[in-house]
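For reference, the structure I am asking about is given below.
Labels run A, B, C and D following the written order; every chain starts at residue 1.
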Amino acid sequence: MSISLADLRSFVNSELIPLEPTFLQDSFGAILPKLRTLRSEVQRRGWWLPPLPHDYGGQGMPLTEFAAISEELGRTPIGHYTFNCQAPDVGNMELLHMHGNAEQRSRWLRPLAAGEIRSCFAMTEPEHAGSNPVWLDTSAVKDGDDYVINGHKWFTTAADGAAFTIVMAVTNPDAQPHLRASQIIVPLDTPGFKLVRNIKIMGEAGEDWASHAEVRFDNCRVPQSNRIGGEGAGFALAQDRLGPGRIHHCMRWIGICERALELMCRHAASRELAPGTMLGSRQAVQHWIAESRANINAARFMVMDAAHKIEHKGAHAARIEISTIKYFVAGGLQQTLDRAIQAHGALGITDDTPLAWWYRHERGARIYDGADEVHKNVVARQELKKYGVHIRD
Amino acid sequence: MSISLADLRSFVNSELIPLEPTFLQDSFGAILPKLRTLRSEVQRRGWWLPPLPHDYGGQGMPLTEFAAISEELGRTPIGHYTFNCQAPDVGNMELLHMHGNAEQRSRWLRPLAAGEIRSCFAMTEPEHAGSNPVWLDTSAVKDGDDYVINGHKWFTTAADGAAFTIVMAVTNPDAQPHLRASQIIVPLDTPGFKLVRNIKIMGEAGEDWASHAEVRFDNCRVPQSNRIGGEGAGFALAQDRLGPGRIHHCMRWIGICERALELMCRHAASRELAPGTMLGSRQAVQHWIAESRANINAARFMVMDAAHKIEHKGAHAARIEISTIKYFVAGGLQQTLDRAIQAHGALGITDDTPLAWWYRHERGARIYDGADEVHKNVVARQELKKYGVHIRD
Amino acid sequence: MSISLADLRSFVNSELIPLEPTFLQDSFGAILPKLRTLRSEVQRRGWWLPPLPHDYGGQGMPLTEFAAISEELGRTPIGHYTFNCQAPDVGNMELLHMHGNAEQRSRWLRPLAAGEIRSCFAMTEPEHAGSNPVWLDTSAVKDGDDYVINGHKWFTTAADGAAFTIVMAVTNPDAQPHLRASQIIVPLDTPGFKLVRNIKIMGEAGEDWASHAEVRFDNCRVPQSNRIGGEGAGFALAQDRLGPGRIHHCMRWIGICERALELMCRHAASRELAPGTMLGSRQAVQHWIAESRANINAARFMVMDAAHKIEHKGAHAARIEISTIKYFVAGGLQQTLDRAIQAHGALGITDDTPLAWWYRHERGARIYDGADEVHKNVVARQELKKYGVHIRD
Amino acid sequence: MSISLADLRSFVNSELIPLEPTFLQDSFGAILPKLRTLRSEVQRRGWWLPPLPHDYGGQGMPLTEFAAISEELGRTPIGHYTFNCQAPDVGNMELLHMHGNAEQRSRWLRPLAAGEIRSCFAMTEPEHAGSNPVWLDTSAVKDGDDYVINGHKWFTTAADGAAFTIVMAVTNPDAQPHLRASQIIVPLDTPGFKLVRNIKIMGEAGEDWASHAEVRFDNCRVPQSNRIGGEGAGFALAQDRLGPGRIHHCMRWIGICERALELMCRHAASRELAPGTMLGSRQAVQHWIAESRANINAARFMVMDAAHKIEHKGAHAARIEISTIKYFVAGGLQQTLDRAIQAHGALGITDDTPLAWWYRHERGARIYDGADEVHKNVVARQELKKYGVHIRD
């Protein structure tokens, strides 16, 4: 691997973790100037944007290598941003790189890869359950050379300050459900686009990259050339994106788990319950540590195996593995954070450690990109299919 | 019972729940003016301060009756405050009423009961584990007729804007551990008292009543007559307070669970997964509902039984029951909230419902007033004692 | 209550528990002679058949009182049999008492109540899921004054040595599903009745009362006067039976839990891990004890409440409570037994304690009388109904 | 790999699984004649005793290859026996091969490897907790050229019919705890050896290989040359044995899990709840399938990783991984079996499938070879050591 994980860890420990208190006590905006400097440093060191090819300024890493890096970066909430491989931008970049045309790449991918602009992805609609991704109201109707887009989206991550969004909109309402939608680039200064609010999520509306918006498209007009890929290919492209995307998330979650376990152990190793009696002498705490360790190891093996399969056989071949890690790792993440908080006692619920931040902001891990329950259904149907039964939802 | 629970529920539904969006999206301060008006209305209706005697403006309710009311008020985060029976004030009022002398009652209890001032309780110290409540550094040293108090406390709930605190401080360092501390009233305008910060907890520093402070006592001088009860009685008074206090908390938690279950059911009964297919048709959701219902019913029976025992035999006789409900109800609360959030999908992690607020702010339920693990140890030791074995910690 | 629970416990401890080793190491048959003697003693003491009226030799106890007794008897696998209130006989007696006609009572109820004969109940069919109790193949076709019965049943508890069975058979195939079946008495010496086998369940085929049979009805001819209650009333009668039946089971399960907790505590209080270090000093064991204690208390409150409701408002009014206790108590039973076994180490899986027997034979608790999942569906549908949604299975 | 897993699976399916009903309904003895024939067939096919070298008639397989085979054989309770790689014989063979001298290998290992005799291993004592393996009462005192052995053991698996046992006995009572015991070969026809009983475990005393004995050594005299390895090396040899032994067990457990999942899926795919409605359409069942699949995959990755580490770095280097898989896989095994039984309803608790057999006989998996709790302590202590804290038990 062209990047030393030890160097990376050392950088995270010495440069990023010290910024956490300001991020946690104040805001993302308060550390942005410092992050900009660090981003330059990351570029200088040849660590920038690991998964993208060198000609876009990245490191051209295969998925399995980026996965290992993603774990290291996941140890702090601001790791991926500093390396310009944060969601949703990294997903948009991979999408544009694989499916964008030359002009789209030049106009949108280049500055994104350079870290000059940010982007967002507008898919989820408040009126429809995310578990049914083909049920959308947002429409893009052809008018001359343009699309006229109308719709209502939320959980459009990082819309605040983004230069453009990719929107999932129905272009072919009469087609089969999976062939109705297309993905279309909409610059956020397009008339009719409205950022309704940064949604207050788990107590925080956030700002800039660290936010999730509710947005509206009211007769937004963009040229048809803004469509990425074929007409009606929106769902297929979204599926494509989700494979590597889930690897990114899962390895980031494993990084969070490792950090939470480290914090739990450090606290258990230093907190006295009575003079000379360490918290770590308590069997309940020991068992939390042991169960977390087992779960983290299991999760890493499964995710790396799925990454390997995507890398060598493609996302479609690995779709069951991808569904499996989704709920296995998200569930373990929540348990590990919960144990680490409990071990910290009152300190655990304060923002004096990052545990409470993750506890809040990763509660969504069991929900976004398909709720755990949906993925379990997928895996079960696949198992049942082996015995000749096809269960429909 | 002198208060109709149906009327109470109707009041909560029509007057308090409509204030939740402003509270959740904005702040406690933003609804305070309206809450003041409602407090007057509550007084007018004869619902004010249910557990205190009539001559202090209360309703003179026995613990079991207040328990039932506490559940109803618990359905919204602002219920108890509106009825002036919010923690920590209600605990302080009970303490002053039972153990305060005439002057203390007149000077502090009267205005507190009238809702004219607020108070706080300073016990937990950041340097020591809450699981060992007799290990305190805060000291009160006699000097003439005064105590001179030095110490560092946190999780001093509602210190922001309070008129006074009751502080737990070591007055007899050479006594047996349980006889070292006393409880002393300290007006917050006493020189040397410092509110260091409203601790940012789960993303929010909060304000006014809805806050938890870190405070310091630097040579705070108060008259010895500010001591409540005997010298060295601090721990015994704290224990006394915890019995009814845990009933209040537990019934409030049950109210939260009922509301969470209601929200989960309403969402399941109205959210479509596909045209005509309700979320509530999903067996996973059905089982979350059924398990929550069973747990809530179980919790209520146990808490009401403990309340009955406290009422008729005293808190000491009920101490095992009190420990048992602590972990049983706090654990069930977290599970019920977690299920309700999961059932809501993305909506569940927003502050568009109160679920995410409780998820954050009641994570502490398994920690405060003695971590679950500590109470389990207590119950187990009692069971083992039946068979002749005395386990020490 | 006319029976002293303390006397009862003393009897169970001194007379029944000493028989367990022979029962566990050898067989039910090996202790039957001794049990017969003890049954006479129970009659002599006025403890016989608590729930049946005095004129049938019982004690005329209301459900709530019998519930308390059932818990005490449940502490040993042979308690209920010794008091002649064992399933399925007690259910058959209650059924015959409430719905049997004079001749049926005289011919079948009297000797059953006297303990002179045993009976069984044939409902479950191997070909159909027990979760759908109205889907039956067994038929009873009228022929002259008789019914001619054909069918295949299993889990016909205690058929081995029984004098008669009550069989659930379709008499009205064209009626609404819930009105198709009737309950009919079939003496086991009727030609065409065949006990195929005592099913080997969890390693044991058992014998006599302690067995569960697979049976066949091949043109079994019985007079129509053997039908209990109206034609097509079979399902309604079965429901009727299930209410008190589940109370009996649940209180018996609580008795098992109390005994398991007692065994766990005794072992923890006497087993040394190293010289002077008791098993009970381990926090993992302490938490198993504490969680079991909480669960048992919760279960008892819920079951006694359901019993009270059945007693005062009828089984139909209490049907949701009955479904709720089914899964709550059965689930807790399995957990408590599992913890007690784990605390015993290797000893726990031997038959040197009754834990392993219950672990095996009460695994069915989560399955029989409606699998837990089915009852959860029932409770959830009822909750959802409050919000206007009717979910069908 | 020199053995085709597909061929192996086909053999298990066509030759071994058809014997299960007789094994489950009748006894191990009832299928022994047939198993002897199959053992010859296994030898003929070159599948015999995979982990032992060719010069002992084995296949000379490295641990990771045998692990994969062990999973396949684990799909039926009689797989390992048929391939002569069953516990405890395979462990004894590995021990004798690595640490036995020429005479011991010739006299005991050869016929064992040939399947002509069976053996057992006597370590656990009823008077002492297995969690403390260095606390033993069994002693071997030198007398001339002999050891005179006295002691009481239980859970001596397969003693019934065995030719010899290896006994763990204290030879150096004054040494450090871990250096007190030696491992000594005792032919079972040695005067003073007594098989007290085949312990009734989970309802079955069993017989022949399928049994676990309580045994006594009363002045058993054997030559000192029967000692395996150095004096006082007993504990070290036992540790050595446990590494590969846990891999064997864990992979066998994974085989059980795969079979249980297969049975659950087949039942879900064929059982109708109502005409046309499959059990597999139930989301509860789907989620059991999905959670089992995830857990099995995770377990396999972890065990194969530990096997690889043992193979390449030795058992000591892999000791933490070995402890981790112990509780992770044993816990998952119990859950998977429990789900499969629940999905089968009443059928699940009968011996008409192997599920109930495993449910009973693998309950011990969380207990034997060190209870899960002990291994969690080990893993936690290792994690805490990283942060400078050494917790003693």
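Simple rule for what comes next: a residue touches a chain if its C-beta (ideal position, glycine included) is under 8 Å from a C-beta of that chain, and two chains touch if they have at least 3 such contacts.
Worth saying up front: this structure is predicted, and the values here are computed from it rather than measured.
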Over half of the interface residue numbers used by both chain C and chain D, so same, or under half, so different? same
Does A-B or A-C have the larger number of C-beta pairs in contact? A-B
Per the centroid of Cα atoms for each chain, what is the distance between chain B and chain C, given in Å? 43
Report the inter-chain centroid distance for chain A and chain B in whole angstrom, where each centroid is the mean of the CA atoms. 37
Rounded to the nearest whole Å, what is the centre-to-centre distance of chain A and chain C, using the mean of the C-alpha atoms as each centre? 52
In chain A, the residues touching two or more other chains are 282-284, 287, 373
Quick one: which bits of chain C touch chain B in the complex? Just the residue numbers, please. 261-262, 265-266, 268-270, 278, 280-281, 283, 285-287, 289-291, 293-294, 297-299, 301-302, 305, 324, 327-328, 373, 375-381, 383-384, 386-389, 391
In their shared complex, chain C is touched by residues of chain A numbered 282-284, 287
Partner chain D, residues of chain C touching it in the complex: 24-25, 124, 126, 128-132, 135, 154-155, 199-204, 271-274, 279, 282, 284, 341-342, 345-352, 356-357, 359-360, 363-364, 366-368, 371-373
